[in-house]
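Have a look at the structure below, then the notes.
Letters A, B, C and D mark the chains as written, and numbering starts fresh at 1 in each.
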Amino acid sequence: MSAVAQAVQTPTIPWAAISPELVLFGAGILVLLLDTAGGNRRTSAAVAFVALLGVAGLVVATGEDVAAAVPVVIAAAAILQLALALALSRRPRLLGAVLAVLGFAGCMLAAAWQWWAATDGSLVATETLLSGTVAVDGVALFTRMTVCVAGIVTVLLGFSYLEDRRVHRGEYYPLLLLSATGMTLLASAADLLMVFIAVEILSLALYVMSGFAKRDLASQESAFKYFLLGAFSSAFLLYGIALVYGAAGTTNIAAAGRALAGFEVPAAFGIAAVGLLLVGLAFKVALVPFHMWTPDVYQGAPTPVTGFMAAATKAAAFAAFLRVFADGLAALQWTWVPAVGVLAAATMLAGAILAVVQDDLKRMLAYSSVAHAGYATMGLLALSQEGTAATMFYLLAYAVMSLGAFGVLGVLERRQRKAIAVADLRGLGQRAPLLAGMFALFLLSLAGIPGTAGFMGKLAVVRAAVDADHIALPVVLVLSSVVAAFFYIRVIVAMFMEDEPAELADVPVPASTGSAAGLSAAAAGVVVLGVVPPAVIDLAQRAATFAG
Amino acid sequence: MMAVSALAQASIVTAPAGSPAAWAWLLPVVPALSAGVLLLGGRRLGRGAGWLAVAISAITLGMAGWLVTWLAARPPGQRRVTHTVADWISAGELEVGWAVLVDPLSAAMLLLVTGVGTLIHLYSIGYMAGDERFSRFFGYLNLFLAAMLVLVLGESLLVLFVGWELVGLCSYLLIGFWFDERPNASAAKKAFVVNRVGDVGFLVAMFVVFGAVGSLSLTQVLPAADTVAGGLVVAVGVLLLLGATGKSAQIPLYVWLPDAMAGPTPVSALIHAATMVTAGVYLVARMSPWYAQVPGVGMLVAAIGAATALVAALIACAQLDLKRILAYSTISQLGYMFMAVGVGAYGAGVFHLLTHGFFKALLFLAAGAVMHAMGEHTDIRVMGGLARAMPVTAVTAGLATLAIAGFPLTAGFFSKERILAATADTDGGAALLVVGLIAAALTAFYMARWFWLIFMGRPRWGRGAAPIPADAGRSTAPPPPRDLHPHEAGWTMAVPLVLLAVGSAAGGLLTVGAEHGLLAQWLAPSVVAFESSAHLIGHGLLQAIAITLALAGLAAGAWRYRAGPVATSPASAPVVGFARDAFRVDALLRAAVVTPGRWLAEGAVWVDTHVIDGAVNGAARLTRGLAQGGRQLQTGLVRGYALAVLVGAVVVLVLLARTNLTAAVFGALGAP
Amino acid sequence: MAELPLLSLLIALPALGAVALALLPAGAVGAIRWVALAAAGATFVVAVVVLAVFETGEAGFQLGEAQPWIPQWGIAYRLGVDGISLLLVLLTTLLMPLVVLAGWNQQHRTKGFFIALLAMEAAMVGVFLALDLILFYAFFEVMLVPMYALIGIWGGVARRYASIKFFLYTLIGGLLMLVAILYLYWAAGAVSFNYATLQAVALSETEQLWLFAALFVAFAVKVPLFPLHTWLPDAHTEAPTVGSVILAAVLLKIGGYGFLRYSLPLFPEATATLAPALLALGVVGVLIAYSSVSHLGFVILGAFALNGIGAAGSVVQMVNHGLSTGALFLLVGFLYDRTHSREISAYSGLLTATPVLGGLFLVTVLSSLALPGLNGFTGEFPILLGTFQSAPWAAVLAALGVVLTAIYLLWAYQRMFHGPVTGHAQGLSDLTGREIAVIAPLVVLMLGIGLYPEPLYERVNPSVQRVIAEYADVEAADTAPAAPPASRDDDTQGVGR
Amino acid sequence: MSLAAGYVLGLAAALFAVGAVGVLVRRSAVVMFMCVELMLNSVNLTLVTFSRVNGDVEGQVLAFFVIVVAAAEVTVGLALIVNLFRLRVSTDADQVDVLRA
């Protein structure tokens, strides 16, 4: 009996298992509805009230299946929403932002609860969740956490930025939450179908967010390129899924992996299937040569969106990458590990080298994100729990430092109202020592200097790779890091070692609570992960071993 | 063939507690402390600084005397004592202590150093009076004394080397004492650097010794000579010789000494005539058991000595500067000493060392007095007739001139004769003997020239100055002022002159008595002398020849310069000019060493900037180039990106399909 | 006393000092200086206490501390001190208060300046004390940042080029070292980066050669060894005085220290194989006439002579070079403070104009050119002697380097200090009391060590013997493959009292 | 695998290739987008064929999902293209190259 048929026959939906997604999605819908209420107090209250009723109805309808705690949590969240909606109805953007933060926080709570419940055994086994399309395992949970952290910081950093650029429209927060929903779903997708759907959910929202500055040609171009190439690569992914389905008779990742495990070299289907899946996922994580969209899209998109893309999308895509390749297709490693190894090496080098000649900082960081994708791939290639843990840890580390770096750029763009080039940073160390210091911290972390998250991340992946007998990749990483250090250093040089040009001297450096909080959080993350990471490493390692 | 003397070296014993030898370490410490005081706070002492230094020097003389008396009272076999004060360096197996070795050889040197040192300290009070760095000068002098005593007393080669280097430092400081003038500073640096070249030999010799013996302590090194492989002994001998040629200004490393005359004259007397420059001789004598193993190396020492004696004497004949003449004379006399120690006549060598210490110090001091009188002029062509104005100086200097020329019964006569006799008694010493005799004659000639042009004849200064022949020299030094009134300096300068003159005259007493002379007998426990069966010429006849040559040289010098400087005849002009330029050795060295060295340095810089930095910058440029290339691909056209995706897909498929191939490539890069 | 984590204090005090400075307002220049001085001074006091507690004659690590840091990866916070690190720590902590004093009048971004100094000190001390390889690496790399800032922010005209060059050179070496460390860890098969554990790993000679090469780059850049030295002249030219002092006096020692602490003990066969090549590089270093390159070439010679004399000498040489070069750069700095010119040709007759400066400068120069009786000689001689025992040619060539050193140092001294008083020298004021106070301890130590280096050697010898003992093993292994020596078993017990 | 299935799969592959090449060679953003849709639909065809070969409905279910997703893509994509057209008065993809290098 097929999985779908089974789902039809027993329509018990394990709400608890997908509660994080539900929270995000629900928050997104709620913000959207409240936004349509347009600041009208009564309408807002009504919307919130209806949402409350809806949640209650859901709880009642599926009561017996849900663990006792869930309705209470959800109800409490709904009440909070109502209160907030009433309090902030005059400031809908702030309401959206607060609700988004709460949504991300709720998602994290739900994920934490899941983790706790799963170790307790009270959660449904992964195999049967939504007909096996969703897995609640460590990778999913850890990635959800990363995505939510990224989401919160993005909201904090984005608020003033969007205000300043006058593109602070209501649908921003719903889109953010929806794309995050896609990401968390992608992270937990156990079925290729779910992978595809999740990829589309997150991408569609991001396409729109990239083009959020409607009057800005760069933003529009970014969205257009992202969209067209995203769709193009989705087709490859989809074709790969279809071929897997044809070859294995199933789209369930684990089952397909088992079915394909025995295939031999001439089986063109199998090779094409694996290859096209690889293309689709490599596009999402931006491995060379599927990276070419990254600089253009990152550069054109509004900076907070760029940060979110760099941090969260990467984490989610790697989670899927891990699940499909390191987990599902592990038995076929002899086919794809060399290929991915070559791609990873090319990615590390090309990302670093191409960044060297960039003057636009956003573009430089975009290329640097390419290089970092290569580093993270090293953990995946180790094909071990250590490696999985390392990749996840790396992605969290990369999330905090890239969010921080893009966040600083966002602040600076508010100051100068233009794209920031290296020369624009001259003398920043004297004018705004704290901001410059933080930027330097993020850059040093990206460069992998000890005492920062970036170092621990690199240590994790290199260690995993060496453990797995890969010596060439760490050497490539070293080369790449040296080249990369050059351009990070160049920025620090400009900030601290050059004098501020006269035309910049009069422009004040803007400050806002949100960005201050966001940057501080990112900086704290960088330092904590760099100096006392054992707790997070522990979490990542447990996540890697915890199959749900 | 020479054979090792049957007289075995006395063994080295530890100094009895409380004995003078156990306190010998104070000898260098006292002047060192005094030097510290003088250098740090001497300015406040004013003229007292000089007297303090003199007192300290006298104290060391007293201590040395006490020590030597004590030593002399011991039986000859017990006259080599050591005393260890403290550990110094213990790195791994290397253990060197601060220890002194008192034996007849060091005792003789002690007396010379402290004795002449004290006299020159005293002389300097007058000579340096009024100098703005008066106290510093005496600080340096005391420091030198300390260093020289370390050199003499060092029980291990390394401690000896410490003294060796420190005297070099003092020499550097004192040559460049009037550093405001660039040439002085350059001369100081040259002295230091050339000495350092020699030091490489000393250093490497120590390495070899340590490798062979496992210790640098003389107590162990000296007796071990006959247990060490012959090749190593030769190496040590030659390397030490290199060191000695540096310090004692022998060919090829003598070039620094003439320039060293830039220092104040007492310095020339003390350091560059009487004491420091004899360190090389001392070193060879010290290591006599090793040289005794390899007579061939000894002959090399002697040959270098002989060549130096001759060359320096020739140059001295053409010099015009009163101190330079003495400097070349010193080089030449040191050559004599090398000849002596080279043929194993340590007694003769050390004897000449001592007598030379007296009369050469005296000559320099006299020269200093003359310079004082002449307003610091040094060109002997503008002097003459000074005997009348400065009788004491003239008489004492005359005595010293006779002594150095080997006038019968003077100290120099005895010591030089001993050396010539020793060469005559050496197998294969004929050439040495001939060279030695020629040099002796030349010495008499140039010293007569020196004395005559300065003290005798008509004055060529002041109002009644006699004209100087136009081509007598190419020096363009301005003539001294017309209103000169030369006169004797004060008693502090005269007393040392007189005392040294006594030494120069009576130094020969040291040699009366026993077969090889008192001194040789005294030194016997310290050195391994040679005995030789050769007997080229009867000693009586040799003496006669030497006396004849000395007298002839003196007479020739006096006769030729009886009326002042002599115009060079056109035929001999190139020869004289060549000698006056010291055979252009400096220029040769510059061309052979300094210029290639500069090229090498420039080459190294070129390699740094072009090759190494070039490689670094090249790597950066390559990166940048790659990036620019990659940039071209990033066209901004979405269709191009799609193409990249498609191409990438094909590449991935190929990689997957050709797994074996990929694995081969990847594996080569990867796992071990 | 025994209960205090002395070694941690050595790292923590300057680090806390830096944090305290960060919290002070930038304008409070007086407070900033005094806090910096107090932190550096207190660290030195602790270092002296460590010296007092240190048991001379013990070969192993003392005062050990060990705390898990990242237990999952086997990384621990593990410190210990032996004769080798003790001296270098003392040197570092002694110099830092002096450096703070020397930079007393720093006007430009005072706060950041002193923060960088203290951060530097914490990292450098950490490098010397770390006994966990990742911890070592972390300190090693972290050190880069403040040094980079010191050159880049407070440096001369071409400071940017110099600082970037410095940064990249060091980073390349560091990263290669990281890979090597990880490989070693992998080869050990134990989840531990403990120095003792990794030292016990048996590696094939090929592996050793590769790992040696990786570490070599890291340390050779620091030393710096030909041909990886070209960053140094640039860095020195551009760095501010105190930067140069730290760079020359301490930072460069890390290369020599690394060779002795890591390369030699970890890869004995590779070291034995490569020693001649290393000696050759050392000789080239000695002969190319950059003062520091040349002096540290001696350190390399001593280390790779692979005998007790040379190795002990090379440790002492590091200390000596720290003192004399530190003093040299400080003096040049004082001069620069007055005239803002570092050109040798801009000076003449300084000895007349500023006798105290000239005298101290001369002592320092003489120490630099290894005049016996001053400290330089007490290190260089054993090095040359030790080198001669294993590679006579290297020792002879290096001895020629001694002459070269004399030539260029005296040339420079003569040009600047002798001759008539002209140019910058006119009207120049002599050293102030503060400046003399900075230099005096160094000069006193130069003399002291020159006359009596035993206190150094007696602490270094046992530790160095332990390193060199490996080579006796190699020779023994060549003749008869025996069980690993007992000393290694002791090592695996880890650090502890 | 039946012969017919092979033909259909081949056709689908050809359609996919046509779509992919279309994206590469066409300059109009709208046509490029339609080519992407063509690629998606060729995959749908593949899915349905496999579904038939495998004898289950999973492939067909998947195809439905793809259709829904494609619809969503159309809404977003067209909106983006329209907005771009507003700014540039052209749908020529080759003129969209502000962001480059």
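We take it that contacts are C-beta pairs under 8 Å (C-beta built on N, C-alpha and C of every residue); 3 or more make two chains touch, one makes a residue touch a chain.
Values in this document were obtained by computation on a predicted structure and should not be read as measured data.
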Which chain is the middle one, judged by CA centres? C
Which pair wins on C-beta contacts, B-C or B-D? B-C
Taking each chain's centre as the mean of its CA atoms, chain B sits from chain C at a distance in Å of 37
Could you grab the centroid distance between chain B and chain D? Build each centroid from C-alpha atoms only and quote it in angstrom. 95
If you average the CA atoms of chain A and of chain D, how many Å lie between those two points? 26
Calculate how many whole Å lie between the centre of chain A and the centre of chain C, each centre taken as the average of the chain's C-alpha atoms. 45
So which stretches of chain A touch two or more other chains? 224-225, 228, 232, 295-296, 471, 486
Which positions in chain C are in touch with at least two other chains? none
Which chain D residues sit where two or more other chains touch them? 20, 23, 32, 93, 96-100
Tell me, which pairs of chains are in touch? A-B, A-C, A-D, B-C, B-D
Interfacial residue positions of chain B with respect to chain A in the complex: 620, 623-624, 626-628, 630-631, 633-634, 636, 638, 640-642, 644-645, 647-649, 651-653, 655-657, 659, 662-663, 665-667, 669-672
Per the contact definition, I'd like the list of chain D residues that touch chain B in the complex. 20, 23-25, 27, 32, 93-94, 96-101
Under the definition above, what is the set of chain C residues touching chain A in their complex? 68-73, 109, 134, 137-139, 141-142, 144-145, 148-149, 152-153, 159-160, 163-164, 167-168, 171-172, 175-176, 178-179, 182-183, 185-186
Chain C-facing residues of chain B, complex: 39, 86-94, 158, 161-162, 164-166, 169, 172, 176, 179-182, 184-186, 188-189, 192-193, 196-197, 199-200, 203-204, 206-208, 210-211, 601, 604, 608-609, 611-613, 616, 672
Interface residues, chain A side, partner chain B - complex: 224-225, 228-229, 232-233, 236, 265, 268, 271-272, 274-276, 278-279, 282-283, 288-290, 292-293, 295-296, 334-336, 338-339, 341-343, 345, 350, 353-357, 469-473, 483, 486
